[in-house]
Amino acid sequence: MHSALSLSEAEAGSAERVSVAPVKAAEASAAQRTQRPQRGPWYYAALSAASVLVVLVLWQLSGSLNWIDPLLLPPPSEIWVSTRELLETGYRQIPLWQHFGVSVLRASVAFAVAIIVGIPIGLGMGLSPGFNAVLNPFVQFLRPLPKIALIPLTVVWFGIGEGSKFFLIFISCFLTVVVGAAAAVGSVSQGRIRAARVLGANRRQIYTHVVLPNAAPELFTSVRLAVGIGWTSLIAAEMVAATSGLGWMVMNAGTYLRTDVVMLGIVLLGLTGYLFDLALVLAQRATVPWAGRDT
Amino acid sequence: MALPLIELQGVQKSFATPKNAQQTLALDKVSLSIQEGEFVCLLGPSGCGKSTVLNLLAGFETADRGSVRFNGAPVNGPGPERGVVFQQPMLFPWLNVRDNVTFGPRMAGVPATEYGPQAERYLRLVGLQGFEEHAPYQLSGGMRQRAALARAWLPNPKALLMDEPFGALDAQTRLMMQELLTSVWERTGTTLLFITHDVDEAIALADRVLVMSARPGRICAEWRIPFERPRAIEDLVADPRFGEIKSEVLKVVRHEARTAVALENAL
Amino acid sequence: MLRRNIHRLIATTAALLALAPLASYSQELPAEVRFAYAGGPRVWILGKIDQSFDKSFGTKVRWIPFATGADVLSLFAAKEIDIARFGSSPTVAGISRKLPIEIIGVPEVVATSERLIGRSAKGVNGLKDLESKTVGYPPNSTAHYALEAAIKVQKLDKSKIKLVPLKPAELVAAWKRGDIDAAYVWGPFSQQLEAEGGKEIFATKQLQKDGYLVYNNFVVRTEFAQKYPELVVKFLRTYQEKLDQYNKDPEGSTVAIAKHLDIPVDTARSVLNGLEHASLTQQVSPTFLGNGSGTGGTTPTSGIARATKDTANFLAEIGEVRKADIPESYAPAINPSYALRALAK
């Protein structure tokens, strides 16, 4: 027997469907045997933590018990000792936080310029087939090029100062932003454009009020991707006659076989890249909360 | 009889299919006319061209032959006098409910003092008061479609073209949306062209029911629905005339559906 | 059918893998001896030209060039080379990190082969002019070491000097662009700088009076040396032969070397003259390796043992080597036994 449906009940999108027919006992137990038990999110988080712990323990043992030459793979204990030393005396007389800060600053400036310049150019390419035809060959050619290949040229053009480092990070970030922005423009659905036309929007209004806002979530995704790629170019950038920075620290420690410092540098580089991405994810959630949801 | 608000005469429309360079004839000399204030439902099997008729009237497509006239003038592009409600709500996710609903007047440059009270009225009519600041992703499917309805209706269109607007909703929500639609229509007197494949829905809602044939589409049958308004679906289904009309309509619709399937298999 | 093919593939691969160790056991000599060298003009290039090393070993020699001593450390760590001739400071850095290598010879003391070149147009005419200038150097090299030592000896304010790490070829490019005002590097790069408005303002030889010994040493991978001790002895002996050949006819040898490397004869001459060559006899004297106990290892008071300790301490001072890594003495890593045997026969 149906209960009288009220507006709110019918509109509750997540209302449970109550099954009416009784389930036979045999069927029920058979279903339970093949069914997976429900696990909360904490279970999987604990699983991840345990997995990391196991790897760390194996890693430490490999060094302490000499399964692997500690020169090639310093165990965590050694890295910890070096970290404490570096925190006290810095690397090459420069404090660790300063290396961190220099790299983050270099990257952030390059990212900001790449985004500010890249988004309008990419949007323009997406909106105007003529503009796209003019720029596209260069963008498509340069983007997959490994930026390390550009180092000799950048040194010749920009010298060994901050200019060449800025350029290398900028170019890898910029090209991805441009391509992403152009694609974001094209992804607007025909239905929404038609809805806007029916409601009386003219061409210019359709661009500013439909196409551009529609592109916003994808723009964020492109920026996240571009920043990730730009950050990985940091090492390439700091290979060019740097005297500080995390990438330089890794390269220089490598020449002295200080694999312990190299590993610390790698960990810091990874963590920082993760933090950049996290910041962007939070910004995305705040600015475009509808991204990725069914609407 | 007064000049029809909506008039199609001898309309022919072909589409090029991506597979073969040949053109497929979608509509073959379709003629229909709808008077102002009428509620007309268009039934037919999938692929028969119902949506094409709507697209022509909305101004999204142009006919190859024949004439498509609205309010005496030929149609040559979309406009707010012919509102459209799609099967998917097509709300703008970056705007809240109120900004979505008021999109039309805002684009036209109407001052907020003018459209504000009207917007509130429509929001109340569709039962979304209290949800004005919500974002579309926070609403259920039925609520979004209600907002789409309000959005299409706010610019005070002479006609509303609706392409299977309740097809994506569950059965109970659909019934409620039908009631909602009918009540707003009774208040505003807007001409409605309602496309559906649900025979019950067509008979319950319409003044007239038209059936389109399988491709290439023509209007092949028409019924005037005798029930008085206001109608209640629970009473309608008890009325013996309902069953008769439904049986007749179903015969035609199913015949066309079988023809459409045979066409598919032949290709 | 796919299953059968996969089985066949696995069987073939397993068979090949099983045979591989057989291939290495069946010989008493390695397939090739890999020797790392800097590309510049040196006495043993004579041995490369006439393949005397190959003949003496009875197997092929693969000559692997490197840009700076830092590269050699990576090659040793990856077991990609067996013998190398490179600078004292990178060697010490490597041994401090417990790289399994041994010093078996000291063929050259760096005298004027590595120099500090300054841009006279910018008024860089002496060490004291370095402050507030940009100086380039190859990281973890003897040139780097000499530069740091010179700054310390001259009591310059290091914080006022912009030190920029660049590989030798990059130094030349940076010089041409005007990015650096001075560079500490070896030939043929130093000559290229002199051709572009550079003037020598300091040479490593000048550090000797302050007690800094900067040299190039022969280093061998311990595992290789223990497996093929005869080859190591032959190596040193052949080197001595080439040194004799050079001393008998320095000009002719210089020309041959210059031609082989495709560099100007003047450049080759100035580099070769800039090295103080030590014969094997000199090398095993207490000034250098010392003659130890004859079975390997040397006394902590031998010249090289002391020099390595000094180098290590200095490197720790500039922060490149961990103090904790510096052993009591580097003597265990210095092995004059091969040189002694090369002399004996």
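As written, the chains take the letters A, B and C, and residue 1 is the first residue of each chain.
The definition used in the following text is that a contact is a pair of C-beta atoms (placed from the backbone, for glycine too) under 8 Å apart; a residue touches a chain by one contact, two chains touch by 3 or more.
Not measured: the values here are computed from a predicted model.
Novice: Chain adjacency by touch: line, ring, star, complete or other shape?
Specialist: line
Novice: Most central chain by CA mean?
Specialist: Chain A is the most central one.
Novice: Roughly how many whole angstrom separate the Cα centroids of chain A and chain B?
Specialist: 44
Novice: Averaging over Cα atoms per chain, report the distance between chain B and chain C in Å.
Specialist: 85
Novice: Show which residues of chain A lie in contact with chain B when the two form their complex.
Specialist: Touch list, chain A to chain B: 5, 7, 10-13, 189, 191-192, 194-202, 205, 209-210, 213-214, 216, 288-290, 293-295.
Novice: Which residues of chain B touch chain A in their complex?
Specialist: Residue list for chain B touching chain A: 58-60, 77-80, 82-84, 86, 88, 90-95, 103-104, 107-108, 127, 135-137, 140-144, 151-152, 155, 172-173, 176.
Novice: Write out the stretch or stretches of chain A touching chain C in their complex.
Specialist: 70-72, 81-82, 85, 89-93, 155-156, 159-161, 241-243, 252, 254-259
Novice: Touching residues of chain C toward chain A in the complex: what are they?
Specialist: Against chain A, the touching part of chain C is residues 68, 70, 73-74, 77, 90, 93-94, 97-99, 136, 139-140, 162-166, 170, 173-174, 177, 179-180, 315, 318-322, 324.
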